[in-house]
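Comments concern the structure below.
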């Protein structure tokens, strides 16, 4: 029964927190542009309006299945992500499983966009996958380094280890370089400004979202909420000591997303190969240095 | 007459059967039935082989050496793979695809020969019979590759040269062992290996690793496999891809891991760098994982892309086995099984596309999802398996390999493995996008779905991949038998997966939750919004431009331009140039020697030389 | 122990007499020459068969000529090794008896002379006697080489003659050197004196000179420049005979020298070097060869190089491997030559030959598989014996030899299967490649059958070869048998 | 304000030509239709008038003529020469000068589309501005745009009858 | 003419306008709506009003008024209006100024690619009655003849305040459920097609199958098909028939949607 509650509640909490994160993102951007920014329930309005669209255009069965796969993938990822109070299935599948489950929605979106038969979408997906290859290398190094220090890939265990000695045993304290390298990679994962090459409105008309309208677009907005939440929580779980209690946990997740979002709005957009070169130079370098330190211990 | 003899008898009957009445239509189905019977026979022998091994009547003694065949756990596992792969290949070839092929009789015959040769190899009793089986497998594969003629022949010729060089290295290794131990039995070799000098150990390990590595297309010898396997006709190339390249892995496991023992290999140290022999081999496997995968990324032909991935996946299996822990070996062997299922499904799907559209060039296909949905489903299941994503079985074995690498603390190898996986994800998406997604080209307008006789085996393979992905315990029971025979530590596992202290995986939960979540996603999608309306592919956003079928509006050529700009300069093909260097060296020295035979005045030079020699001898000697 | 005198002489005497009688008879009844020649060969074959059976049962036989005792008189020594090659020679001569327009008086007499010279060469136990019979075979082979009556044939035969005579003269000098140092020419006697008399550079020089003489026929590297021309120009049957058997005889004589007269390491290393160079030259030249005939001539150089490598390994195992390799080559090479006779011209032109003459192509495949050494075929077991012998006594030279041999096998497989792939290629204009009449294919098919039979009865064949090798390897027993026959 | 001496020499070489200064850096030259290509050639060759900035066309409907004006610039002399040519309106055919000045090709296409003047030898005479226009060349004076607009388009009448009867009932626009 | 607003209680009758365009047509799904449905619709309208995506399509000289309206000077994001790149995701199509016939074709294609409740705002007098190009042969005069338009703003380029005011008016209409002009395109497609064919000739067609969509979403009224659509069907080729000949259908089963 406890598991049933976890399965239902964890995605719901993820969605709601995600909405707040999206709202925070748009508010921060507005404030930077000296604007008032959207009202409080704006993300909800957007999603409801998109789902309430009277005409829904689809480009084939795969287009629909991709949305289903998208939502299913992220809901599964939430269930394997331990949050204070809810353990979910984190025991059954560990960190490596989570990394791979987070790739399932990406593949689902890619297949859906491909079936829209629009080259803007295909170019967007090709850039998105290249960006994924770029930021996943430093991320992998960071994750390997983390699991090396903690000795286990069981997320619940990792959180417990970090909380034993309070702030001192947090991931960022024990392995600062890995945390920094990891954060730069996580910033890439958010897919915002400096690495926003695959949404690139001016060049490829929002890339993958070019043929998404109505409830397809609504599902993508939901994915954005889940994405911000999942990546934020993953980083917090690995390097910021996971959640002892809800308020502190939410503050940490908000902090992770806030710094990234704040940085985002002052940058232009990197070209695809610049993204790859940058990601494989700085974050990977820092993370490898951290890994070397970890291995030395 | 033990089970092994039944197996050999089936193979012989099959060859004879195809020889005599291979022509008429039903031959394909009959062959399929026999392969099925073989598979059942092997499965039945599982119990008996779990403990010891099944002797076979086949055996003779020549020049004072007794040669015999028997089946142990490892042999059983690979025989099961061979029979399974042959069963699906013949099922595919028996249907309409086979009737449309010229010279189908020879293909059936060659498939039967290949299966017989592989059975002889994997159930070898001693080193000599191992070599006999090895040669037969190499030549049967050569015949199968060269059978189609045209561009296949230079590829087959290149393969034959590599394979024979490898075989000669193996022969030299075997004879050295015989010279040292006096017999060809594995146990004598194992016993004597410990006492050998490190120089001899290096020599033997080097010879066997190089010899078997050629067939497995390990890094320096990997150039031949892609062209050779993709030029073979459809069903047999699926068979070759799924199983034939793994014969090299079988022999490597048998000799390096089971006979020599990983601990002995770990003992040998490379003088300069701090690597041990095992470490060196693991790094070769790591490079074999990454570099062929990124070569595959740049291919424009579907079959070449898949064969390059075959080489890459070989690296994973070897890495898993070399880790040596129970988890790693099980991961490696399970990856052999998983790879066979999804690689065969992928190849059969690509062959179905070739059967219908006539081309496998990724730049001239697109949008076939509306015309060939079931082939699309198979290819999708295949690429999810190849990329190693959760619902399919590819993920389980990769997870186990990663887990074992983490346990053994080799972080940099794990980074290579991870980069290899990412490269795979990128290139498999390019494969499925360029063939099935995107815009349907006008000339493929009339394409129909592949016939059921071709779709059924594909879906069956995909189904196996999904079921063993959901309940990996089924496949792990098979690998346990092989692990026991290999002497690797036992791996405790349930039906869902592996539960270790430092991180466990239970695929039953992972996949079930995924399906439930997808169900929930479907509910959200289908019930919340209005009913969807399907539009034709020209009703698309093109910046206000009116789309027409004549103007191609598809992005598939050079699919990752950004990445190509970064890693493009790294493809210098240094190994290809090395190979060409050897080729020119051979030609130049050949011309030199041939020149000598066209000299006119040899007798004169000879006379002069002898007179001088004589003068020296007489002056000095007297 | 000693057989009645006349039995050993017959294999040499009968063909010699036939060779002289035939020209007289042939002037009147020209077509009878061929038939008469065949009868003589059959006769000599039957006598040598009888002799072989008796030796097989009773052990090696010795016979001194004209009643003179061993060290002085001329001695014939026949052991199982000699008998094997004698039978092989007789069979080969019978199989490759000149046919068609070549079967006039000249070539038949030469064939008989060749038979006589060869038998004498293999049987005689006396150094000078060996030289005499070697000269007879050499002359006969020059004549046969020119029997093609083509311009190229005459030129090749002439060059072959010059080279052969240079070789013979060197051999003569060698014999003189030995005679000067030891005072005797009888092999058995020499085997007792030579170890302490012929050591040092003089002994080595003597061996090199002898080897130079023999090397011409045994196609050893510096001396085999005649091979591609002669085999190319001579009629196929002649080249088959020369390459197949006659070159082996010279190699066996070289073996006798190494075993009995020069047991020291010097001789073995010389043979090893000659062998390595032979394999290298043969394989690499064959890789670049144009037509099939040229490829096979180079390939025979390579194979003989391998036999030399085998013989260079001292001890019975080496000899056994050498015999096995020589025997296998004697069976396979003539068949290749018969095939190459019909498939003249560059290989490229033979595309699609499998449609025109499938039997020939499949025979070609089986022969090449066996010569490369693929397990079920006897070629593999020959190489297996060689490797076993080589690794039994591993020295630096032997390692190089093994590497060269294995690499040579790879190159050999490459150029043979390059041709096979051309045969199986779908030639555009069908029916363009020459077809085989059954008569031309018969000898090759016969040899193919022998090969397959050897594949099946490999075990007994292996045992008899190793027995033969043991017997041939102990020089002391042979000396004892020849010298103190009386006492 | 006078015509530069060098220009005067060149202009005098041609028959039937009048030139008068038309501004600080502007000279107007009226030339016979058959003389224009020669004039342009001379100006370009001798005096560096390499830049043909525009060809404009004026529809003198009363005289039944079109006037083609070629504006040519010389950057060395910093001078604009506008060569005026009068061609008959009815056949409306003239020779193309694209071989002298390449941009002339486009100007001629434009004039053909708008005025219907056909230039012999022009690279192409097909429409590229009003691609879906079937009517007569719209810029000709005999084309009555007002009538065309009246026929094809409908207007919103600012005081439609439904607004009138609402106002009768007291509603309507707040004054 | 001072742009004085109409008295609120005045509602012009619908049938007088040709094709019934203009100030909102009779309640769309006129069948009695259940309580649950009415609540959902009201909530949907509430959200639709507060989340509007404006299409980035600057067709005329008025587009320069948009940046100040959307960004920090007037910040329409306060009421949930953000610019969106493609017509598929946009709700509002702004026609900012004169429309040449060539641009009108692109506008119609973009309009048809937009989804569900979509709104068209005509900026400036050029969209009302041709503006200063009233007698030009190359520009269209009345926007609402070619695509149903919700609101017009008088002025020869209205300032951002006016734009802001029209947007707020639109939000108010949507909230009240009155902004249903878009359904008129489906109900009276023949009228619009007729006007379009008058300009572009009988061969004019777009890849979107409007009749099929009308039938699918239940807006198939009497005015959807008429002689113009028949003209399109056989003469220029109706979207559906043309779809087969020129545009291969991607429908999974390959059936052609009649």
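As written, the chains take the letters A, B, C, D and E, and residue 1 is the first residue of each chain.
Following the convention adopted for this analysis, contacts are C-beta pairs under 8 Å (C-beta built on N, C-alpha and C of every residue); 3 or more make two chains touch, one makes a residue touch a chain.
In this text the structure is predicted, and so the values were computed from the model without any measurement.
Undergrad: Leaving out chain B, how do the leftover chains split into contact groups?
TA: A, D, E | C
Undergrad: If you check the contacts of chain B and chain E, which chains show up for both?
TA: A
Undergrad: Top contact pair of chains, counted by C-beta pairs?
TA: Highest contact count among chain pairs: A-B.
Undergrad: Compute the centre of every chain as the mean of its C-alpha atoms, then state which one is farthest from the centre of chain E.
TA: Between chain E and the rest, the longest centre separation is with C.
Undergrad: Measuring between mean CA coordinates, which chain is farthest from chain D?
TA: C
Undergrad: From the Cα centroids, identify the chain that ends up most central relative to all protein Cα atoms.
TA: Chain B is the most central one.
Undergrad: Compute the distance, rounded to whole Å, between the mean C-alpha positions of chain A and chain D.
TA: Result: the chain centres lie 62 Å from each other.
Undergrad: Starting from the mean Cα coordinates of chain D and chain E, work out the distance between those two points in Å.
TA: Each chain reduced to its C-alpha mean, chain D and chain E end up 39 Å apart.
Undergrad: Between chain A and chain C, what is the gap in Å from one C-alpha centre to the other?
TA: Between these chains, centre-to-centre, one finds 80 Å.
Undergrad: Provide the C-alpha centroid distance between chain C and chain E, rounded to the nearest whole angstrom.
TA: Chain centres of chain C and chain E, defined by C-alpha means, are spaced 100 Å apart.
Undergrad: Got the chain B residues that touch at least 2 other chains?
TA: If we look for residues of chain B contacting two or more partner chains, we find 367, 370, 373, 440, 530-531, 533-535, 537, 539-541.
Undergrad: Mind pulling the chain A residues that touch 2 or more other chains?
TA: 52-57, 59-61, 117, 205, 210-211, 214
Undergrad: Could you list each pair of chains that touch, in label order?
TA: A-B, A-E, B-C, B-E, D-E
Undergrad: Give the list of chain E residues in touch with chain B in this complex.
TA: The contact residues of chain E facing chain B are 57, 86-88, 105-106, 109-110, 113, 116, 206-209, 212-213, 216-217, 243, 246-252, 254, 257.
Undergrad: For the complex, give me every residue of chain B touching chain A.
TA: It is residues 367, 369-370, 373, 376, 380, 384, 387-391, 395, 399, 402-403, 406, 409, 411, 414-415, 418-419, 422-423, 425-426, 429-430, 432-433, 436-440, 496, 501-506, 509-510, 513-522, 524-525, 528-535, 537, 539-543, 553-556, 559-563, 565-566 of chain B that touch chain A.
Undergrad: Flag every residue of chain E that touches chain D in the complex, lowest number first.
TA: Going by the criterion above, the answer is residues 1, 4-7, 9-10, 12-13, 16, 101-102, 128-130, 134-138, 140-142, 145, 198-201.
Undergrad: Which chain A residues qualify as touching chain B in the complex?
TA: On the chain A side, the touching residues are 7, 11, 51-62, 64, 67-73, 75-76, 79-80, 89, 91-97, 100-101, 103-104, 107, 110-111, 114-120, 122-123, 125-127, 129-130, 132-133, 136-137, 140-141, 144-145, 147-148, 151-154, 197, 205, 210-211, 214-215, 218-219, 271-273, 275-277, 280, 291, 294-295.
Undergrad: Give the list of chain A residues in touch with chain E in this complex.
TA: 26, 30, 33-39, 41-42, 44-46, 48-49, 52-57, 59-61, 117, 201, 205-206, 209-214, 217
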